[in-house]
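What follows are several structures.
The two complexes that follow have chain A in common; it is paired with chain B in the first and with chain C in the second.
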Partner chain A sequence: MNVVLAGVAAGSAAGFLRRYEAIRDRLPGDPQPRARAAASLERHGLPQRSAEAWKYTDLRRLWEGRFGEADASFDASALLRRVLDRAGLAFDGEEALPRLVFVDGTLSAGLSRLPQGCDCSGFGGIDVDAPVAHPMMALNAMLARDGAVIRVPAGLDACGLLLVTLGTGTVGAHLHHRVVLEEGARLSLLEVASGEGDYLNEGVFAFEVGRGAHVSHVRLQQDAPGALSFSTVRAHLAERSAYDGFNLALGAALARHEVHATLAGPNAIVHVNGAQLLADSQVADLTSVIAHDAPGCNSRQTVKNVLTGRARGVFQGRIVVARVAQKTDGYQMNQALLLSEQAEIDTKPELEIYADDVKCSHGATAGALDEEQLFYMRSRGVPLVEARAILVRAFLDDALALVEDETARAVLDRAVAAWWEGRSA
Partner chain B sequence: MPAVAETLNTVESLTQSSYKWGFETDIEMDLAPKGLSEDTIRLISARKEEPDWLLAWRLKAYAAWQTMQAPGWGKIGHPPIDFQDVHYYAAPKKKPGPKSLDEVDPELLAVYEKLGIPLKERAMLAGVEVPDGGEADGRDGRPQIAVDAVFDSVSVATTFRSTLAKAGVIFCPISEAVREHPDLVRQYLGSVVPAADNFYAALNSAVFTDGSFVFIPKGVKCPMELSTYFRINAKNTGQFERTLIIAEDGASVSYLEGCTAPMRDENQLHAAVVELVAMDDASIKYSTVQNWYPGDANGKGGIYNFVTKRGACRGARSKISWTQVETGSAITWKYPSCILQGEGSVGEFYSVAVTNNHQQADTGTKMLHIGRNTRSTIVAKTISAGRSDSTYRGLVRVMPKASGARNFTQCDSLLIGDQCGAHTVPYIENRNMTAKTEHEATTSKISEDQLFYCRSRGLSEEDAVGMIVNGFCKDVLKELPMEFAVEAQKLLQVSLEGSVG
Partner chain C sequence: MSAFLSIAGLHASIDDNGTRKPILNGVDLDVPAGEVHAIMGPNGSGKSTLSYVLAGREDYEVTAGTALFKGEDLLAMEPDARAAAGVFLAFQAPVELPGVNNANFLRTAVNAVRRARGEAEMDSMQFLKAARAQARALSMPEDLLKRNVNVGFSGGEKKRNEVLQMALLGPSLAILDETDSGLDIDALRIVAEGVKALRSPSFSALVITHHQRLLDYLVPDRVHVMARGRILRSGGPELAHQLEAQGYAGFLAEAA
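== the complex of A and B ==
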């Protein structure tokens, strides 16, 4: 994989469309939104870099769409154990978190431990009004045949829930998750994406956050080095609600995490924070579109990139403030540490503002480790390797400290430390 | 410098219609038939008595243009432009390129006097003889300015040519440069903005009619400021000027550009190309006060301003500095850029863009860091009022070899009223670990406290807003040559007229 076959037409979604034709009769739920998605992909294809939103992320490796079906007999328990071990999470026993485990695009009931209280009923299909103008959302609406459906009733604090997606071989997995928080509900979702092989891990999350509800969505993207990893989050926020997201991207050959948040009720809050730690020829992209559609809302983004080898980090952040969204407070910060001569960072923070009483700002910086700081530490007897580690860690801390959930925070800390050790070894 | 007197008057009579440069002049014109074809291009080239290579170059650009599409990425909206409904050549019916000012049509001189442009050298040299229309007092001791006046498609007068010639500086209409200095023009024309660079640059390359040519030889510091004043006058015409400025090793020049047009209901097209070349240790400072007719309060009429401006810092330690105050035009689409190729070269971009009523501006810059230790600074101030939309769009690209490159970018937007939009779209691409890029952007409104303070000191609301806006833009205005800075401040106030209260 990862080699474009000669003769594949630019932007062609033909491979995915063929797969849809082959399995469409077996896909659950309403066929209508799936057909709409297929029609949209047939007409527009997959984006090329000439499309503004995909300027920095080349989907060439996706064009041919050569991803296969899952092997239903595959036992993923050993793989899950390894993934959890690596994350410092318990596989079983008292300490094990309630979890939903998806292997190659389907729920594995045997590996999951369903949580109590909140309703995690089975996947019922794609929403009739699922948006299909976005290429990833269309791909998902066309092919997803499973996903988590989580409903947290009013006033309930559902605490922690672990969502694991495992990919293997050259399987193309498409998951469609739906998370609904009723008024005043709380949920802390920790997502771990991992696997083995040159697979495609593509998922869409639809969050519906009710009045005064709060959801934390922390992602650890540790997909296999040959994998393609795409996650697209749609979040709709009611009055005084909050979506607190964090994406730590470490894995995959090509990854894009995209968040579309709509602040629909007054005084809602959205955080799209993250860190991208990349080496070799990895590409990771964090793209966000935050629509302030109500007054008094607050959006915050702090994204850090540590790039080495020939890696490329991408940040595209767009804040759109509607006329009614007075007293908006929007903030974006994207920072990059370039640790090698061939690393690259591409940043595009965008403000689109139609209301006059707002406070919006963005900042972006890029550069190497500060020689003077390194010199200072070395002059105090700290070896170079350690001094670099301390500075990188300090650089990342601004972002990591924003993760409030302690379990999730510990998982991320561990993953960051392991990544750095792997680099400096 | 241009229009100081007029602007003063305008500010004094704020109740009247604010665009004071909107008069038409009835001058007998030599018009090419409407429409664009190879024949039109051959006709322009023939009228200009151009050499064959230039005609071939134009035709190549035209062929490229026909395969291109108007760019759609800007945040601007307008009905499709009918490129066949434009006269591509319009010249006052006198022999172009008069030998001295005495030969210039007195009616034309009157136009420029009305605009406040000093085309009379003696008046300036003596510093006492004030032309009609009232140059401001106290001009004694001010630096002299040489002016090239472009009226529709042709340059009608260029002042101070002999003084400049003594210093070795060439300052003349580009059509004349093609005849007098063909080797220089051929060497540099299209070397910074290639003929098929983009849709509007290709159009310009095919049909450009006039513009200024500046050549500053090795080691020469241009003895005075150079200025070109562009005036669109004829109906249904487009203006396509081309400016080429070359500063050889160690040379330096400061160049000013001003522009106005009559008030008309139809939209007129202006698609210019400016190319700057700076060799070792050379420096070029390019200042613009863009005041094309912006259309009326309902968004009717106004100039469509699609401009490609680019400077190449080819030599080591060379410097190109763009300063622009954009208050006019119905649509502004303009990104003065610097290609920082020479080691240690410096690019600067200082911009104030003001939009009111239904104006749309999508403007910014590109800084391409190619050489080692190149530096760039971007300061962009965007002010939106009325129902207008204003966008800063900029690119900072650090190439792998640009070790030690530095960029600092500051973009601030100010919104006046709740029917306008202000947008910021920076692109930052860094491919060198030793390079450092920094970008900051803010959006806010005029603070109630500041307004209240000014009001309590007896300022009218409009004056208070003008003062606060001028303060907001200070970082940019201070980069302008003095005469321009005065005019720009007044212009800001006039442009925002009617936006408060």
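== the complex of A and C ==
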């Protein structure tokens, strides 16, 4: 069979492949999936915009492959302290959450505080059957040398766990996390990505959510202005389980958060919510592919974009309802507030439905702040800057309100307020 | 006559698909301190435009004339500065603010105005106490404070919410743009009581209305008849009764 390789650029992964050649002997775990990933990248390269899935997000800045190795002697404690402080989280003392801290792609045992109850064993490598057709998953499978491995035993509520990813300089970091929730287990994961420099922060999460288990995955992506930030989530959901995700994208020059969820058991629930607050020439992309493979499942997406300067927000949401997946309930809403003439939102919903008893809806809106509302508020004495802040916060409200974990919601609220203050200062 | 609000030769127009459409054609009006004045007139006479221009809405372009408030050039001030200076406009159609909590918004407004006036801000306990007392006085269900601003409010609830805002902001000039429209007789009395409670030698009101009823409660010092963007006739409260009995036709013919 002849495969037509549309939208790939030969040689675009060369920098990453050279790096792989240089370090392959030192990479942990089974070399076989890594070699498969390298072969795939060698053959296909990285996608360009003519590839449908990458139509709105230009990866050319990644092609350079200019990213290097970490400086192992770097002490990130001051950086971590600043990042936690900014998020309103305690660095030490009784209030500090259990946490796993990764610096430039490697776990920092000294800065981490291991949680009790759930098993956080060391990184063992890449799964033999790791998918490599997806460019980010391939890069990750080829180069990841560390990541969290979390297992929450049946029936346990592991409560909150903080996962911090710090990048520096021009380091290319690739983390491969694996989170397994056994039957009826619960975990609330708060991820904070930050750093300083023009680094690459690339991570893959593999969630295995057992029967009746519930995982909340709230991300604060506050990567440095020059950074490239990619996170790819794979979630496999068993009967009556739930993956409740929220991605707040504030940072990085170019960012993409991608969720591939498979609702494999009946009555499972997936939420892929988020907000993208972008300025200057930032680009952030939230892409999801939700596969309803069992009956009675529910998927929900509320994504809000606040865009200023020449920023561009991207939302791609694909829902695939298999023939067996009767009584599917799917909802997708993407809204954008455009605060400048040059800001842009690109929205692409795709519904692929093979079952006949299904409820699926999607919608998209884009607009500016309402002049009438602004005048009303100002006529009550509220200065323009404050009135705008209130309306922006109100616009985000029904998305942020979906974050159930109070600690996580407070962190996001604070980040949103600081972002706005930074814009209007 | 002390110059509290003094409008002279005010012309204003609105952009109507690229052409400038004049709406105010030389309004002259003085409202002394402590007085309640009513403006009556047929639809399209410019009454609401006058209220918007005084509150600082940007869609209208003032092409000539002046409006002085306590001796200051009102037209040069931003809308929020006008509010801080003591001007309050009760909207004919109050605007809904989804996602904005009514109590929080009120407190933000009250504190912004207090800040601008050099007064101490209210903390949330002080504010809630004051807001609840006012809401009770206006027979407003307390849960309206917890809801989003005007979202899902009935017409009467929206108007009461305007009066609640007015009471808490403590203006020295209130412009009521058809605050009585759509109110039943009980609500009308409550709203009128809310305005009467503010009456003092340093508070004036400009009441825009179609109906005599509100004026029965408020009893204006002066009544002005507005048509075609101008004040055609001014008089005492008896003028309102005359209008109620005879309609506008006679005045319009007289002015033509």
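The rule is simple: the second predicted complex is superposed on the first by the 414 of 425 C-alpha atoms of A that agree within 3 Å, B and C clash if a C-alpha of one lies under 4 Å from a C-alpha of the other, contacts with A are read in each partner's own complex, and residues count from 1 in each chain.
The rule we apply is simple: a contact is a pair of C-beta atoms (placed from the backbone, for glycine too) under 8 Å apart; a residue touches a chain by one contact, two chains touch by 3 or more.
These numbers were taken from a predicted model, which means no experiment stands behind them.
When both complexes are superposed on chain A, chain B and chain C end up sitting side by side without clashing. When the two complexes are overlaid on their common chain A, residue A:394 makes contact with chain C while staying clear of chain B. Contacts of A:281 after superposition on the shared chain: neither chain B nor chain C is touched. By the touch criterion defined above, A:48 lies against neither chain B nor chain C after alignment on the C-alpha atoms of chain A. In the superposition on chain A, contact of A:267 is made with neither chain B nor chain C. In the superposition on chain A, A:376 makes contact with chain C only, not with chain B.
By the document's definition of touching, neither partner reaches A:12: not chain B, not chain C.
Of the two partner chains placed by the overlay, neither chain B nor chain C lies in contact with A:106. Shared-chain residue A:386: touches chain C; no touch with chain B.
Which of chain B and chain C touches more residues of chain A is settled by the count: it is B. Residue contacts after overlaying the shared chain place A:170 against neither chain B nor chain C.
Superposition on chain A places chain B within reach of chain C only down to 11 Å, the least C-alpha distance between them. Within chain A, no residue touches chain B in one complex and chain C in the other.
Residues 73, 400, 413, 415-445 of chain B are the ones that touch chain A when the two sit in their complex. Against chain A, the residues of chain C that register as touching in their complex are 55-59, 78-80, 82-84, 88-89, 91, 94-95, 97-100, 105, 108-110, 112-113, 116, 165, 169.
Against chain B, the residues of chain A that register as touching in their complex are 52, 323, 326, 336, 338-368. On chain A, the positions that touch chain C within their shared complex are 371-373, 375-384, 386-387, 390-391, 393-398.
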